[in-house]
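Data block below; observations after.
Order of writing sets the chain letters: A, B, C, D and E. Residues in each chain are counted from 1.
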Amino acid sequence: MLEIDGLSVAYGAVRALDGVGIEVDRGGITAVLGANGAGKTTLLRTISGLQPARRGRIAWDGKELTGLAPDRIARGGVAHVPEGGGVITELTVDENLRLGALWRRDRADRAAAREEVYELFPPLEERSAKPASTLSGGERQMLAIGRALMSRPSLLLLDEPSLGLAPLITARIMGILRDLRASTGLTVVLVEQNAHSALSIADRGYVLALGRVVAVDTAAELLADDGLRHAYLGF
Amino acid sequence: MTLPGEDLLVVDGLTVRFGGLTALHDVRLSVDAGTVVGVIGPNGAGKTTLFNVICGFVRPQSGRVVWRGEPLVRHRPEHLAGLGIVRTLQGLGLFAGLTVLENVMAGAGRHARTGVLPALVGAGRSARDESDLAARARATLGELGIADLADRLPGVLPYGVRKRVALARALVAEPDLLLLDEPASGLFAELVELSTLILSLRRHMAVVLVEHHMDLVMQVCDRVVVLNFGEVIAAGTPAEIQADPRVAEAYLGDPAEEAPDA
Amino acid sequence: MQEFLDLTLGGISAGAVYAALGLALVIIYRATRVVNFAQPALALISTYLAYSVTKATGSYWLGFAVAIVAGTVLGVATERLLIRPLRHRSELSSIIVTLGLLLVLQAIAGMIWSNEPLAFPYAFDFRGRFSANDLFVVLIVLAIAALVLVVFKYTPLGLRMRAAAFAPDVARTLGVRVGLMLTVGWGMAAAVGSLAGLLATPPFLFPNVLDGVFVYALTAAVLGGLDNPLGTIAGGFVLGVGLSYVSGYLGPEMVTIAALAILVVVLIVRPSGLFGRAKVRRV
Amino acid sequence: MTVRTSLPESRVEAAAKKRMLPPLLRHTLYALAAFAAVVALTLVTDEFTNLRIATIGYYLIAVAGLTLLTGLTGQVSLGHGAFMFIGAYTVALLVKHVPSFPLWADLLLASVAGGLAGLLAGAAAARLRGPYLAGATLALAVGLPALTRRFQDFLGGSNGLSFTVHSRPSGVAIPELRWQTWIVWLSVLIALVLVVNVVRGRLGRDFRAVRDDEVAASLSGIAVGRTKILAFLISAVCGGLAGGLQAFLLGTAAPGSFTPALSLSLLAAVVLGGLGSLWGALWGAVALVYFQAWSEDLADVLHLNTDVANNLPLAVYGVILIVVVLAFPRGIQGGFQKLRGILRRPAEKKENHENH
Amino acid sequence: GESDGGGQQAADSAVGVTKDTVTIGTHQPLTGPAAPGYSKISVGARAVFQAINDGGGINGRKIDYKVEDDGYNPTKTVEVVKKLVLQDKVFAIVGGLGTPTHSKVVDYLNTEGVPDLLVSSGALAWDNPQKAPMTFGYQVDYTREGKIQGKYIKDTFAGKKIGYFTQNDDVGRDTQAGLDQFVKDQTVVRQGYDSANTDVTPQLSALKAAGAEVVVCECIPAFTALSILAAAKIGYKPQFVVSSIGADPATLSGLLQDFAKRGGASVSSAQLLAGLIGTGYLPDVAQTTDPWVAYFKGIHDKYIPKEPLTNTLFYGMVQAYTFGQALKAAGPDPTRQKIVEAMSSGALKGPGLTPFGFSKDSHSGYTGAYVFKINPDTTTTVIQPPSVTDRGTGAITPYTGERATPDQVNLLGK
């Protein structure tokens, strides 16, 4: 279980998160929603250790993450797909993928994971030896998600994975997440502005506004709450 | 001024290969003044490459780009603004070290009247030029509702606002053709405003829009062209496209899954 | 013909040294995107240590080993103390800091060992048109280059190092211990640099002895493509042989101008070096 | 939301601007004030300090040029000493072979010669990036002075050329050095007015846009290549002038003066002063002259064994470089700004609330 | 730069002189690429000044010796010399080192009327009493030395093929002017080196290819050593003839000694150096029987025992001593004019084996040289006694004058 309690983060004078509390059950898919600048990206970066917290704590699986270095957190099974993908364009597609699982000891399984990713995203296999810089925007997004899956994470943090993806692919990724959750018990925190598509696969949703949690509920309830949708989700 | 109904931009028989990979194959497309043309297609279909050819970043193996009846030969990106074509980037491409105002002023260079030499010595009209550009930039920022951010650096602004700055930088040049590469990505709450904006632009300029947000595409486009593996597989009104089974198969997926909702 | 052969052979062993020091620059550049201007000084200090050890013990190879170890330690210390604090700063900051370090270390060398030249021996017999020592220099540089290449290209360590260099934040979220990788990179580079120092220094050792070699090493690295160890090796040899011809046929005063000319011509044709990959910014 | 097609008459703006003088005039007035300050300073200081002030002057213009290049367009040049080399030899050759030319013409031609070289270098450099540019420019700094040895008879080989420029009109009863200092600063300030104009105007913005994002800049209609070359040109003109002034002041032009160390110190001055700011260029030039002087003085007062004493100034200078860069990320100018911020904050005490 | 009035200004000026001190300055390359080889000259000089001061100074005045580092960079030379003159208010500049460096301050020093004594360089420019009345040379000039070398070679190696290997500056140019007066037609090849480029194998290969049997090396010590090593590398065994600036056996054997230990027993510094012919004007430090060598060794052992006693160190010691003599000769109340007069008086007889050329019409330093050969044990043997000549085409004549002994000069005694 992911527990976040009273989390505050600031960039200099700009307060990006202000006493945020979130709980995510194991094997759950939780959507974090909110308008531009609500603090969604900041939340994920803080969980994965890239952004130091001013206050509050984060624990995953009972283990304290607060204050740990990002690489330690990653080696604890937390994978983060950053906003925009974070593909390393200087490396080849294959190297990007390999990098995702490098810290895992099980070599055989690393190879198997790579095969699975290629199966999920065939365009990547075609270009496996090409530098990632030649990929189109959407292909990079696939690579980033594939790379995160390479480590067979127990907690997956996705920052706007649908950004720049064709509807078909977005739908496919959502499907994959659902399947993975079912087959491996993966826990997902999904940040999206596209609330509709996120809530369509999530169990629960949190809505952030100006760095605070303004609503928490099941996905179905959130989808049904017209007032909330208009106020914070813009649709 | 090009009259409505006249082809402003024609792209003809365009083929682009990167090594063994054909990114565009014999693509034809035309844009009338005052229309919004949507270009959609799966990831890697060649949409950005198409923009890159129009802008002169990529030289096609064959085919040509005709602007106002004149083929563009060996044109370079920096000439475009002068010709009246402005493009936004799929990323943001803001100048991190320039304030929002300066970012927008940088886009307004086509309105400057003085050449390099007077600007060098700061003589003549160049001072007045600068205040003209600043005024234009402020006005455009005002129209996009971000005039109060003029003196901020873009880096500290939320993504959505930065997108608007990028848009302001494009609009301040008052182009005849605006190429928008995924303007809605990263925006959601502002989608409605964006579509209103694009529709309003139609009065002054033609727009080519690459976008994955089908709602937006369907709302604002007069015509839609669908690319797949570098080829045009369909073209027509939004309604025709939405009904086209090839488009559904290649791009949209199961319509039940992505029910439009606005 | 005779002269041509002599010049070629001379150029090859000079080129090997440029290649070795160039390699040190490339490793650091790949690891931290820093052009390490202190590289010649790190090598200088370790070579002076080799001198003192050899002098005290009579064993050249003990001195050799001490130099490599000391160089590695110096490289690691430099990264930890001076480069790491500059992580988020412009490339210029690191240029100036490494430059400052260059001055400090050269001054320290002068303080301890004086600015007067000291005799520093070759590893093997230096006599002959292509002497045992020349052979040693060329072979060891090729071996080291091959090793570096393999490490970078084919080992997980190499992949981690490259990832850490190109995108530290992303690498971190993938479990890469970025700090460690950067330190390893500096250590490796400084070890190679010290080796280059030991090879380049003979016959004489003085605080500025590696300045010229450094300029040519940087030229070689840039020629080859700074990201590319193989290119740097090729660049080193091309430059070594090319400059040897210039010195022999046009006169020694033309050597630096020729280096400039070669560099400019190559970079105009290939702005990222002979073997560098042009970095295309996708739009 | 609408988009206009014609220029809006933004009267408030126009009125606000009208109250300000045109930039050229404004900057010229500042320059005159600065010149008066320099003259006053030279009158109250001794002759040797005058020399240091003059030295700061020619370094200032060189560093300002490099600031424009490196700070604004992001092109790192490790070879700016090469342009000083060209400027110095231009003045030297003119003084020796065309003594009839007035000094101002010599200096003008030195700037032009520097500019021409900068044009060539810039054209080659426009395609290069980061360390490739750094490597190529360093090779320029190393290679170019070797020309003197190739053309021994004309350029004087490694001894270079020495000469004396008599610039002080007869009957002016002030020390030669003081007079020279005035000439140096007058030239520097004239050049600086131009540089400030560039930096603060449209070109400066274009330079910075190119630095931040070349692709976006070109799509904004900025000719990236030409802009970079222009920056190199302006910066090389400054370098040429600096070299010319140095030759005028010291009466020498010799290859040994234009070592890579010179080029690197210029860059160090840019960074020490505060990258990208012209005030920074001034602090950088002052630092260049005084840090070295201090480190030598320091070595003098400590009585040490000769090897240590000989090398101490170098070590101190190196340490200063390291410490300043580590401690003042934005250079001396950044330090001043911070200081000002600290002094002001209590007065304003404004809650800085961000609106999203 | 015309500066005819220089001497006038100097009249009665006693800048830098107080009741009990005389402040002098110099510019030396203490750091940077030119430091190796030269950084010890001022060390030697300082030791002598210390000895003088400990002996009560000259006429009761201690000498305050200010050494400025110019890194062999002419711009810095101008700056530091102006600093010495304007800020430190030195009485004189003594032994400013280097042609490219010092030539940039000669005009200035003469205009300001600052005595510019015993310049550390063999360029011809210092000897110009009309235009530079305050400037005096020290070393034998390169042309004189070239002439003496040329004549010796012509006499000893008649008919042999000769190659020149020269530093690409005035050292090379001026020496060749002297050499060419005698051995032009024997010379088959001329090669130069650039001090920034330490790989001299191409040049030595060219000398070998041209069949030169005698190589005249007008090099600084490091380059003499490099040439010897490069020759050994390519198996080339010419007769080296080296000029005074680069023929210091102590320095050379120091540089070459470690090659004995590695790379085969057959290469030892002694073997590499044996038979090398050099020219000199100061006694060689290895000649312990020479009274001046013994004298300076005493100072060395007392003040700077840790420094290797080389001819370079010796060079600085002699220079300092010579200045001391001139200061003494300038009388109890020295002025700048008086020291210039003392220098020109022709009274300075010193440690050198040939006389100074100082007179009213000449400001040339040592006027001749002797020729020596390095023995297999790295001691030296004089093979042609000192001879003197002029810088033109005048004859070379043996020098028979008497050299004053330390006791006769008696600088340190009261």
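Following the convention adopted for this analysis, contacts are C-beta pairs under 8 Å (C-beta built on N, C-alpha and C of every residue); 3 or more make two chains touch, one makes a residue touch a chain.
No experiment lies behind these values; they were computed from the predicted model shown.
Peer 1: Farthest from chain B by Cα centre, which chain is it? Let me know.
Peer 2: Most distant chain from chain B: E.
Peer 1: Between D-E and C-E, flag the pair that has more C-beta pairs in contact.
Peer 2: So, comparing the two chain pairs, more contacts are at C-E.
Peer 1: Where the CA atoms of chain C average out and where those of chain E average out, how many Å apart are those spots?
Peer 2: Going by mean C-alpha positions, chain C sits 38 Å from chain E.
Peer 1: Once you find the CA centre of chain B and the CA centre of chain D, what distance in Å lies between them?
Peer 2: 41
Peer 1: Calculate how many whole Å lie between the centre of chain A and the centre of chain D, each centre taken as the average of the chain's C-alpha atoms.
Peer 2: Computed value for the inter-centroid distance: 49 Å.
Peer 1: Counting in whole Å, what is the centre-to-centre distance of chain A and chain E, each centre being its mean C-alpha position?
Peer 2: Averaging C-alpha atoms per chain gives centres 76 Å apart.
Peer 1: Can you list the residues of chain C that touch 2 or more other chains?
Peer 2: Where chain C meets two or more other chains at a single residue, that happens at 106-107, 110, 114-115, 207, 253, 255-256, 279, 282-283.
Peer 1: Which chain B residues touch at least two other chains?
Peer 2: If we look for residues of chain B contacting two or more partner chains, we find 48, 55, 57, 89-90, 156, 158.
Peer 1: Do you know which chain A residues sit against two or more other chains?
Peer 2: 14, 36-37, 134
Peer 1: Inside the complex, what are the residues of chain D that reach chain C?
Peer 2: 70, 76, 78, 124, 127-132, 134-136, 138-140, 142-144, 146-147, 149-150, 214-215, 260, 264, 267-268, 270-272, 275, 307-308, 310-312, 314-315, 317-322, 325-326, 329
Peer 1: Can you tell me which positions in chain B touch chain A when the two form their complex?
Peer 2: Per the stated touch rule, the residues are 18, 41-45, 48, 90-91, 156-161, 182, 185-192, 212, 214, 250-254, 257-258, 261-262.
Peer 1: Going by the contact rule set out above, which residues of chain B touch chain D in the complex?
Peer 2: 55, 57, 76-82, 86-87, 89, 93-98, 102, 105-107, 109-112, 116, 119-123, 126-136, 138-140, 143-145, 148, 156, 158, 169, 171, 173-174, 193, 196-197, 200-201, 203-204
Peer 1: Using the touch definition up top, name the residues of chain A that touch chain C in the complex.
Peer 2: Residues 48-50, 69-71, 73-75, 79-80, 82, 86-91, 95, 98-100, 102-103, 131, 133-134, 147, 151 of chain A touch chain C in their complex.
Peer 1: In their complex, what parts of chain E are in touch with chain D?
Peer 2: So the residues of chain E touching chain D come out as 1, 30-32, 35, 39, 42-43, 46, 68-69, 72-76, 78-79, 82-83, 86-87, 99-101, 103-104, 106-108, 168-170, 173, 194, 196.
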